[in-house]
Each structure stands twice: as C-alpha cells, then as structure tokens.
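For clarity, chains are labelled A, B, C and D in written order, and residue numbers in each chain start from 1.
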Amino acid sequence: METKTGDPLIKFGLLEEVLNLARANSLWPLTFGLACCAIEMMAVGMARFDLARFGAEVFRPSPRQSDLMIVAGTISKKMAPAVVRLYEQMPAPKWVIAMGNCAISGGPFFYENQYAIVPGADLIIPVDVYIPGCPPRPEAIIEAILTLEEKITKRGRLRKFRDVKR
Amino acid sequence: MIELGIEEKTYTLNLGPQHPSTHGVLRVLLEMDGEYITKAEPVIGYGHRGHEHMAENRNYHQFLPNMGRVDYLHALAYNQGYCMAVEKLIGVTVPERGEYIRVILSELNRLTSHLLWFGAYLLDLGAFTPIMYCFDDREHILDLLDRITGSRLTYCFYRFGGVPQDLDDEFITGVRAFIKRLRSRWPDYDNLVTKNVIFINRTKDVGVISKDQCVKYGLTGPTLRGSGIPYDIRKSEPYSAYPAFDFTIPIGDQGDIFDRYIVRLQEMEQSLRIIEQALDKLPNGPIMAEKVPKRLKPAEGEVYQAVETARGEFGCYIVSQGGIKPYRIKLRVPSFGNLSILPEIAVDTLVADLVAILGSVDVVIPEIDR
Amino acid sequence: MLKDNITKALAPLGLEQVADGDYAKTGYHLEVAARPEQMPAVAQAMLDQGCFLESLTAVDLRESFTLVYHFANFSELCRTVVHASLPKEAQAPTISRVYPAADWYEREVYDLFGIKFAGHPDLKRILLPDDADFHPLLKDFGAEAAND
Amino acid sequence: MEIPQALSDFSFVLVYLVAAGLFALGPIVLAYLIAPRSYGAARDAIYECGMPVIGSAWIQVAVIYYLFALLFLAFDVDVLFLFPVLLAYGKGYAWLDFVEITIFIGILSLVLVYAWCRGVFSWKRKQVTP
C-alpha cells in the first residue's frame, strides 16, 4: 500500500531530525477502537501502564488533531471505507499502528469463505508498526510506541533496553 | 448560491462509527431540529465478524475461543453459557467445585465489566477522574484472573464438563484482599459521582423507559432492572451454583438513567457478596467431569441456555443434527434488544442527553453485530 | 401457573402442536409448532400473557426454513419456543406490530437468510453493507466443508 | 522631514500591527514550507465520524441560537471598553475606580439577568411520561 504523504518544500537534514525528535516524543493517537483491542488500548492509557510516560496519552477523537492511528480491532467490510476516509483526513506526518491479529491479518476471524472482514489493515492503509496478540498486552502496545519512535527518529531508543545483558 | 429558506429544517448528523461516546463502531443517524433530536436511527453492522457463520464449519471445541470475543467485557459468562448449552446437549454434569469456580470467575468478570462501564460512561458525561479510579480497581481483578486463566480480556477458560485448572491459595487470599479493598472504595465512588450535582442533573428524569416498553422491546439486564422489573437469570432461572448463594436483585423505580446507574453500582456490591460466599463454601473435589468424550458428536436436537451477563440475558441456542459441527448456533445477545429501544426514547431529547442515554444502556458493539 | 394460561390462550388458535418441553434437556417449558400465517395471532396471545420476545431466528434446513421464536416471561419462569416451517420462497408475516423488538430481529433474519417478512415497516439489511448481494447463513452460501 | 510628535505615537501602533500580522501568519507559512504534504481523496472533505456528510449545515435554525450570539456580542463589546480602563485604573483612589467599574459591568450584565428571567437559558427537556 503506497504511502500517501509527500515531502515538504524545504528539507534540511538537521531540521528534519529536530522535527522528528519532537514528533516522536509527542504522538497524539486517534481514539479508534473497533473491537476487543480497544479495551487494552484504554488500559494502556490509564494509570498503571501509563502511555503518558512516552508522550502519547492524549487520545484525540478527531483525525484532524491526531498524527497516529492505532487500528485496534477487526476492520469489517462495512467499516473499511470509514477507516480509509479517517486516514486520509489526518494531516501529515501520520503513522499507523495495526494493533492485534485482526488488524494484521484478520486474526481469528479469517478463513476461506469469510465474507465480513478485511483481512488486515495494510490492504487499505499503509501500516508502520504491527502488534501481534489477541488482544496484545498493554506492555506490547508500549513497545510498539517505542518501536515507532525508533522508526521516526532513526535512533536506538528501544535497542538500549533490548541489548541489556540480563 | 446558498438557498435561503430551505423547506426542510431538520439537520442530519452522523453520530458516526468513530465517535468517543458510541463505545465502539455504532453509528446513530440523527435528524435534528437545532439541538433537539427528531429521529435517531442506530445503524449497526460495522463490527459484524460473522460468529454464527463461523460456528457452522467449526466443531464444538473450535468455537470456544469465539465465545470470548463476542462480548469481550464479560467473556466468562459467554463461555459459561456456551459450555452449559453443550453440556446439556451431550448430557454431562459439572462437579460442584467446578461450578463454584465458574461462578467466582464469572462474578469477578462481571465486576470488570461494570467497572469499565462506570469509567467509560462518566467519561462520556465529561468527568475524567472516575475512569482512573475504576481502571485501577479493574487492573487488580485482571491480575487475579490472569493468574488462573492466562488472559486479561478474551477468556477461553471453561471447558465442557468443568474447569481445566484449580484455584490456588494465593488466588483466594488475593480475591479476599481485593474484596476488602473494593469495599473501602465505594465511599470514594459515591462522593465522586453519585452525590455530584452535575451528574444528578444530567441523569435524573432523562431517558425514562417504562415497564411495558421493556416487555415490547425485550430488554434484559440492568437496563430492564432500572425500570423496576426484577428479572435476573441468576435468580429467575437459577443455573450453575447460584441457588446456593443468597444475594438480592437491585431494581430502580423510575427507569431513568440515574436508576440504571444505581442498579449497576449495587449489582457490583452483590457480586462481591456472591464471591465471598462462594469462597467460604468452596467444596473440594474434582473440577472436571470424568468421561467427557474428546470428539463430541451430540445427538440430534436443540437446546437454549440463558445466562445472566453484565448487559443482560445471553441465550445460546444450538441446533445439532448429529454431526461433529453444530448445524446452527444463534447467540441471543442482550445489547441487540437493549439498543433497539433507542429510536423510541431518543425522540425530542437533546444530543447531550442522547449521549447519556447511550452510555446508560451500556452497549458493546461487536456483541450487537456478532 | 403461567404454562397453563399460555396453553389455554393458544388453544383457540388451532396450532399444529402445543406440547410440554423437557426443560432439563432442551431448556423449554412449552414447545409449539405453528404455521407462519398464525404467528401474529400467537405473538398477540403471548403478549397478552405478559411474555416478551426473547429471540427470533431461522434455521436453513436446505429444502425449507424453520422460523424459531422464543418467548419468556419476566415474572415467572416459562420459556416457550415456537417453530414455524416456511417454504423456501415464501414470505412470513411480520410480528413487529405486536413486538417492536421483532423489527430488528426480522431485519437480521432477512439480512442473513433472505427471508422476506410481509408488512415489515422497513425491511432492509441491518448487519451487512447495503450493497451486499448475498445471504451468508444459507447452507449453500460458503462451500461448507462437509468432511464430517 | 521631522515626524511631528503626534504622529510618532502611531508608529507604535504600526509596529504592533506588523508584529501581530507576523505572529498570526508566521506559523501558517512556516507549516506550509516545512510540513510534509498529505494526499487523499477525502482530505478536504468535512470530518463527520468517518462518514460522508449528509445534507448541508446551512439550514434555518431556531431563533434561540441567534439570541445566544447576541448575548455574546453584548459582553464582547463590554470587554472592549475595559481596555482603556486598564491604563487609567488605580491612578487616583483605587476604590473609586473599582466602584465605577462594578457599576459599569453591573448595568451591562442586566442583559444577562433579563435573558435568564425570560428563560433563554432553560432548555426544555422531554416531559417524564411514567
């Protein structure tokens, strides 16, 4: 799925790096709960798992004010045009996290003569990070946000934790 | 050119699939005259995943995980309803300890569902703090359930004939500590919300459902009990180990939003009482029936098993024609009926009241769309 | 007893069968077989007894449909099931005049089975997208894997 | 050519206007230059919960909403008059100025009191039909 964001008019290396650092550390997700994963997405926003530590706790209801779409749940065929429309109405730069097996590949609801769901969010919108799980645990969602930050800033924020010798 | 003086004055608005107050992907097509709603038509189907079609080409064991994903807020009650329906078909009885464990876990799951409803509903009304309180309590239960069942939300724990894993002492002491802790939190919930004058003004005498509307629309659960009809499957059609416990069925009197809210709060207290009694009287013995056939081939026939979930009566209707796959499974879900009354009670209300009514009916969308 | 009142109320309608159900095995107290044309009358009789429409669904028996209506009661435990067999292309009369809850149930049965309900206020799809042209729960819809 | 004293005061106003203009247009131009583009069919369409909009919002609406606009206007102009007071406040007796201001605002808030009594703010709710 080709990405739908074009390059800006002025592109300095340093300027882009500074902007990316700012963008990565204040991702505003769109409240977009489709099914069961929405509950885990709410749980990650709450006090215990606290997405606020990574700057992503402001869940904006409108796509106009958000730059990260977490597709949390099954995309049914009736819902697909709305998903694409919401993605297009988000201002650039924007990213998409496909949360849960349903958003990755249809998950438990995909089999040969399935008539109701779109097997995977990347068939209709470009996806940046995938979180496996049904539903994924809140820790997995935090790791996805950190992976996305790594992808945006191209700096190893998460790798520091991974390479620690236990 | 803007045509002035257009004849039809109603404004059509989508309270659409992506909206914070619809708790999922429900779309309510509103026709409004200024702030007042003249017609509200819920459009559902955005969360339709085809559970009943899947049931027809899966054998009985393969359909168990689906049960945790129909109503993911009270998944264990759906597991219980489906397992009991199949047990009736194949004639297996669950030993007493297994039934007690099922009741304890289902009631704990009912608490997580009501707590989440409490937080999300007040978030719709604009209060941001309560959701922090109730998610904090909810995480405690999820840890306890996670220890035993292994998952946090979409449980697939009950098996035909009982429960695969026994409770250990750490779980039991954890539950007792949790009960004491949650009971100490009720005053916080009351002071924070029930006595809050804004909350009272927004919910008193709003969205009133009368008794005969309940009968006509087939409402069940707290939405029905808010209107004063004490119909709770655990009491009126006792199943599993519920006859062994004494608990009351809280009912409202006027059927407005405030009564439905009070009913759910008191129900949480009753669930705590049930869990306490179940823990005290937990018999020892087997937790799984002995001879449960591995490949189920139930005899021809049909069965309907009703179970009380957090939102109302879940009825599992299975038609079997002797094969290893069910011929037809119909899931009678409570929110389908509870939501069908919205067009009637939403007329002439303000949009803000519609959001309050929708929250008080506590719908879970993939449960409606199946 | 509610069960006797219901049997008395249903007697004059001349239904094919009104029999006691075996609650332990099937969960029914009363099993009724009727023709679809009698359904509005049966629904009215049940409503007069104060029963509510628990669920309404259909089963595709390949050569004919069976409409299954469940009625239960708030005050007393008595679940009545009504089976009404319906030929493939026939239309069933709607009971949404008596039970407004049936409005959505019948739309769902039409959506998933294609059974049309005569007299329904606004019979259109409820779950599938409006431009869908198939009925998924029909037995000949998906190549149902028949390897029992 | 020496600028007469009277006019030089206006130079501050000029600077103020230019700064305000820059302050307002600056982010727009900056964003246009350095922000990446987003393409998509529905990008400029009205956002309404992910659905295409039905009908238009330019319809006749009840007159009560016009009253709300009028009430806002009354208080907006009211605030406008408070700007000059800002400069002259507290020079003489502070209490005298305070009393004058409360009288001034009191008279203007009579609009609100009148509207309240006439029931402009009471949204009639659906009668409870038991």
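As a working rule, a contact is a pair of C-beta atoms (placed from the backbone, for glycine too) under 8 Å apart; a residue touches a chain by one contact, two chains touch by 3 or more.
Keep in mind that this is a model prediction, so the values were computed, not measured.
Undergrad: Look at the interfaces A-C and A-D and say which one is made up of more C-beta pairs in contact.
TA: Taking the two pairs in turn, the one with more contacts turns out to be A-D.
Undergrad: Could you grab the centroid distance between chain B and chain D? Build each centroid from C-alpha atoms only and quote it in angstrom.
TA: Here chain B and chain D have centroids separated by 46 Å.
Undergrad: Round to the nearest whole Å and give the separation of the Cα centres of chain A and chain D.
TA: 37
Undergrad: As a quick test, compute the distance in whole Å between the mean CA positions of chain A and chain B.
TA: Between these chains, centre-to-centre, one finds 29 Å.
Undergrad: Using the touch definition from the top, which residues of chain A touch two or more other chains?
TA: 78, 82, 86, 115-116
Undergrad: Would you mind listing the residues of chain D that make contact with two or more other chains?
TA: Each of 49-51 in chain D touches at least two other chains.
Undergrad: Hey, what residues on chain C touch two or more of the other chains?
TA: Within chain C, residues 128-129, 136, 141-142 contact more than one other chain.
Undergrad: Name the shape of the chain contact graph, picking from line, ring, star, complete and other.
TA: other
Undergrad: In the complex, go through chain C and note every residue touching chain B.
TA: 24-28, 47, 50-55, 57, 59-60, 68, 70, 72, 74-75, 77, 79, 81, 99-101, 103-105, 108, 112, 125-129, 136-137, 141-142, 144-145, 148
Undergrad: Using the touch definition up top, name the residues of chain A that touch chain B in the complex.
TA: Answer in residue numbers: 30-36, 38-40, 42-43, 46-48, 61, 73-74, 76, 78-79, 82, 86, 108-109, 111, 114-117, 134-135, 137.
Undergrad: Along chain C, where are the residues that touch chain A in the complex?
TA: Touch list, chain C to chain A: 128-129, 132, 134, 136, 141-143.
Undergrad: Which residues of chain B touch chain A in their complex?
TA: The touching residues are 16-20, 24-25, 45-50, 53-54, 57, 65-66, 69, 72-73, 116, 120, 131-132, 135-136, 138-139, 142, 152-154, 365-366, 369.
Undergrad: What part of chain A is in contact with chain D in the complex they form?
TA: These residues of chain A touch chain D: 4-10, 15, 19, 62-64, 82-94.
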